[in-house]
Amino acid sequence: MSAPGDRDREEPVAAAAAEAALDEARRWWHTDIIDIHPGEIALRGYPIQELIGNVGFVDTIWLMLRGELPTPAQTALFESALVASVDHGPQAPSIAIARMATTCGVPVNGAMASAINVLDDIHGGPGQQCMELYLEIEAEVEQAGGVGEATRVVLQRHRHAGLRYVPGFGHRFHPLDPRTPRLLSLVDAAAADGVVDGRFAAIGRAVEGAISEGKPHRVPMNVDGVTAVIYCELGFTPALGRGVFILARSVGILAHAVEQMTQGGRIKGPMPKSIGYTYTGPARRSVPVEDDERRRTS
Amino acid sequence: MSAPGDRDREEPVAAAAAEAALDEARRWWHTDIIDIHPGEIALRGYPIQELIGNVGFVDTIWLMLRGELPTPAQTALFESALVASVDHGPQAPSIAIARMATTCGVPVNGAMASAINVLDDIHGGPGQQCMELYLEIEAEVEQAGGVGEATRVVLQRHRHAGLRYVPGFGHRFHPLDPRTPRLLSLVDAAAADGVVDGRFAAIGRAVEGAISEGKPHRVPMNVDGVTAVIYCELGFTPALGRGVFILARSVGILAHAVEQMTQGGRIKGPMPKSIGYTYTGPARRSVPVEDDERRRTS
Amino acid sequence: MSAPGDRDREEPVAAAAAEAALDEARRWWHTDIIDIHPGEIALRGYPIQELIGNVGFVDTIWLMLRGELPTPAQTALFESALVASVDHGPQAPSIAIARMATTCGVPVNGAMASAINVLDDIHGGPGQQCMELYLEIEAEVEQAGGVGEATRVVLQRHRHAGLRYVPGFGHRFHPLDPRTPRLLSLVDAAAADGVVDGRFAAIGRAVEGAISEGKPHRVPMNVDGVTAVIYCELGFTPALGRGVFILARSVGILAHAVEQMTQGGRIKGPMPKSIGYTYTGPARRSVPVEDDERRRTS
Amino acid sequence: MSAPGDRDREEPVAAAAAEAALDEARRWWHTDIIDIHPGEIALRGYPIQELIGNVGFVDTIWLMLRGELPTPAQTALFESALVASVDHGPQAPSIAIARMATTCGVPVNGAMASAINVLDDIHGGPGQQCMELYLEIEAEVEQAGGVGEATRVVLQRHRHAGLRYVPGFGHRFHPLDPRTPRLLSLVDAAAADGVVDGRFAAIGRAVEGAISEGKPHRVPMNVDGVTAVIYCELGFTPALGRGVFILARSVGILAHAVEQMTQGGRIKGPMPKSIGYTYTGPARRSVPVEDDERRRTS
């Protein structure tokens, strides 16, 4: 209850409170990325109609993720890494999941979602982890007095911490990944042209050398290791590194989902029905009969 | 620009507008399900601390989905359908996806998400579609003058519309699904006790009879067909029917994801690596050399 | 049990059966897309090391989805549609979901998955549906004797079927979408150059004309309607149309997820906590006390 | 090339190889959980038709996850924790995502998938992390000479490791969570009855005491902290703890998705359209005109 005069005095306060709450709400989704008004869309400040037809898709990916347009030479190097990562066969879990999902009645968005979701630390993370390793080595170079020594220091530190797997090196399948030498030659060319400074190519090679020492066979840089070189050279953060790998692999995921649609199939399991699975649990047994009303539901 | 006196006159308007926007925002997420205040939580009006320990989990599922608590007999019948649906083996796509996801570094929430996502129209929809069929038949009973005739009318209508698959009947694997007779006997018992009226059990049996006519073997009601009977008897909508099937199957999905964690494995594909896939595409060919700057990115 | 001589006679049979099962398994994941052997990867027949650095990312998307490399002019038109679709603001459900997911501890793969998943019939489907409409009109042109008449026939058919929404036209927000005239001008230029034949641009304009007749304001083609023109002109199927839209929008989803990571926040809800929701359900009530052991769980 | 006699000699080898590959395939999906044959389904050895109608849904969850049936008293305590966790309002990110997904055309499986996916370390992990904390303290009790001392040792260790947040304690919203005292009283009753030994209830209370020391207000155990007590008392692993939380919260997710379906709405954003967002990026600018053919795509 309030005296007659109170209402007038309180109103400006209430109005201010409502305005403050509204302002907070408007700021809740604040962004540097996109500005939209009726009839207007701008990405990072650029009107969309100026970007369309003038700027490529890869340039736009860079603009959206980094805030500024890349140079053509940066785009070319970035693009080579994207092309290298689009697919690794129908039996990679992400791809197999997309294909199985399609036969369960899921449209492409759902098939892509279930598939992309599994590009986590193990299936989608080695590139990101390799970038983190390179950046850790790079931060050590000055104090260690060179790339070789910094690499030894950091690898030693990782071994002491119990890490036995160096992300980005070795492959269960390819003795030498055909993508690695090709991409490395593009990095070298870009370094020669001054597009990048070649620091991370040197670090990647130093890691390969260090972990191959004393081994009967070289442990070669794989596609994660070499794309990590490229993304580091181009200034991407490790989290963005995983992100752009996912953008690239989404292409393969989509292609396989659509091919499966064309092939047909309903509720496609991982193996043909003629090949069953092995049950390894308890032998057949009876539900214990108890004099207990709770367990019996009828 | 405004004259000095204007501001005072406009303020109540602005205040009213801000209040209206805030009210709209508060109503944006309005719900009948849960009411929360500091120190207070109520589900459908019941204080949470009264539900905990007094009301079972299955009763709470019903309360959340339907708005009121079920009777114990309703709970028992509902529960039998949930128990029947928890799992159908490691090679069902949903389960295989959960297991593969786990080996990609995804935690249980992610493994469950990728798996549940594929319980779509084909892998998770037949129960819902069967409920829709039963309800369509039920709506026809009075005019057709009986269940048998209504069933014939509706099945005929579906055939004319080009539908060749009757959801809830037949099975690729089980000649007779062991869950069906057991669940049907529980429905019959519930009907005898007046818990349900048995209308949909009669409809389900009429469908089985009608589609088996003239066939060498009976096309038996499967687990989707019989749980559809139960959910219809208990008054669930078809959309809720798919929902509660998912709640049940989530149990199997979780169990398999956790078993796979225990078994280990990294990036588990659908088949062991020793068994490859067949490539059926174009033979090896070279990228066309063009005198074109756009295609070459370096 | 078998006589001594039986085993020898049976072995070839068993061997044949095992080989047949293995062959079936190898064919289970057959694909035209990618061929992998140790040290070798080929996409649609092209060795990956020849694609990297010679063929752009957009060309590779086309190659993976369509089987052959596009011409540079096809790439350019396709690319313009991709650029146009990367983002539509932080409050689009897909984007908001990616941002909220990030604050729940989900890495970028999971944030992208939850977000892409909702690009379903309503949020991601209008482009696909618009392509289906255009193709239906196109199939009618010859018999109807022209685009205008075919458009009228098909729209009439849709109205009779109860469809009241024409996908690809009108916008809740933009009176005129700035992307539409720009993209249409690129289609017209491509048609003038003989890259595409302009058939679907004509159909799109005919639809806009037909549905605007008798309306006070024109119902303009929106970004879904104009990208549908482009994808139809370039020979994409409707399912692929949804797929490439998702590839494009994934860029915005990733950009917003990463921006949210930078902004921080834990368990970000849809609105700031200061703005609550409205509870509209039953008033506070007590759990009924029953003389029933089942309901009480302790 | 082989001599005529070779083939006969090689066949047994090939047959053995094929059989070995098939055996590996059959073992690839081996499981202790479920055994299926035509007409037969057994969960953990129990025929499904014996479980249906005799064993409750919560008992079946336990059986599937743990391998054996629980006692009725174990079920009751487990069930109380499940009931406590079903929902925490429409503005929790998981629930809001399910509701938004529904308005994008996603069916319940997809809405549940996008929502469950975000129950990750921050939104779904505190219960699991709290279980890990309790187990770490429990492992220290003997050496430390008591619960209080073990608690101090472990909390000190966590502080030294830079952890500043104790999962399971404190709440941004509830001064005292109404679920906590109710669930604790059920644990105490179960301990008094010998169902559990009460060790983790003591640990949970010791943590609350230790972190509240010297604070003006007690930092109370929240629902994650008390359900962690229950799951530890009942012998669940931390990973299973997150899993059963997800099973419980899935009920709320489904209820809200279905309520949103009933309310309608198309492409529901996080806030009503009348409340925009704030753009904080670069001011409007033009795409740089370059004398460069690569950037221009048309």
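As written, the chain order gives the labels A, B, C and D, with residue 1 at the start of each chain.
Everything below uses one rule, namely that a contact is a pair of C-beta atoms (placed from the backbone, for glycine too) under 8 Å apart; a residue touches a chain by one contact, two chains touch by 3 or more.
Predicted, not measured: the structure shown is a model, and the values here were computed from it.
Peer 1: Would you pick out the chains that touch chain C and also touch chain D?
Peer 2: Shared contacts of chain C and chain D: A, B.
Peer 1: Which chain is most remote from chain B in terms of Cα centres?
Peer 2: A
Peer 1: Starting from the mean Cα coordinates of chain B and chain D, work out the distance between those two points in Å.
Peer 2: Centres of chain B and chain D (C-alpha means) sit 20 Å apart.
Peer 1: Just how far, in Å, is the C-alpha centre of chain D from the one of chain A?
Peer 2: Averaging C-alpha atoms per chain gives centres 23 Å apart.
Peer 1: Roughly how far is chain A from chain B, centre to centre by C-alpha average, rounded to an integer in Å?
Peer 2: A distance of 30 Å separates the two centres.
Peer 1: Show the residues in chain C shared as contacts by 2 or more other chains, in ascending order.
Peer 2: 21-22, 25, 28-34, 47, 51, 53, 55-56, 75-76, 79-80, 89-91, 96, 106, 110, 113-114, 117-121, 124-125, 173, 186, 270-271, 275-277, 294, 297-298
Peer 1: Give the list of chain B residues in touch with chain C in this complex.
Peer 2: Per the stated touch rule, the residues are 22, 25-35, 42, 44-47, 50-51, 53-56, 59, 67, 69, 72, 75-76, 106, 110, 113-114, 117, 270-271, 275-288, 292, 294-298.
Peer 1: Which part of chain B faces chain A closely enough to touch in the complex?
Peer 2: Residues 11-12, 14-15, 18-19, 21-22, 25, 75-77, 79-80, 89-94, 96-97, 100-101, 103-106, 110, 113-115, 117-125, 172-173, 186, 189-190, 266-271, 273, 276-277, 297-298 of chain B touch chain A in their complex.
Peer 1: Name, in rising order, each residue of chain D that touches chain B in their complex.
Peer 2: It is residues 21, 24-25, 28-34, 36, 38-41, 43, 47-49, 51-53, 55-58, 60-61, 64-65, 76, 79-80, 82-84, 86-91, 96, 99, 107-110, 112-114, 116-121, 124-125, 173-179, 181-183, 186, 237, 239-240, 242-244, 246-248, 250-252, 254-259, 261, 271-272, 274-275, 293-294, 297 of chain D that touch chain B.
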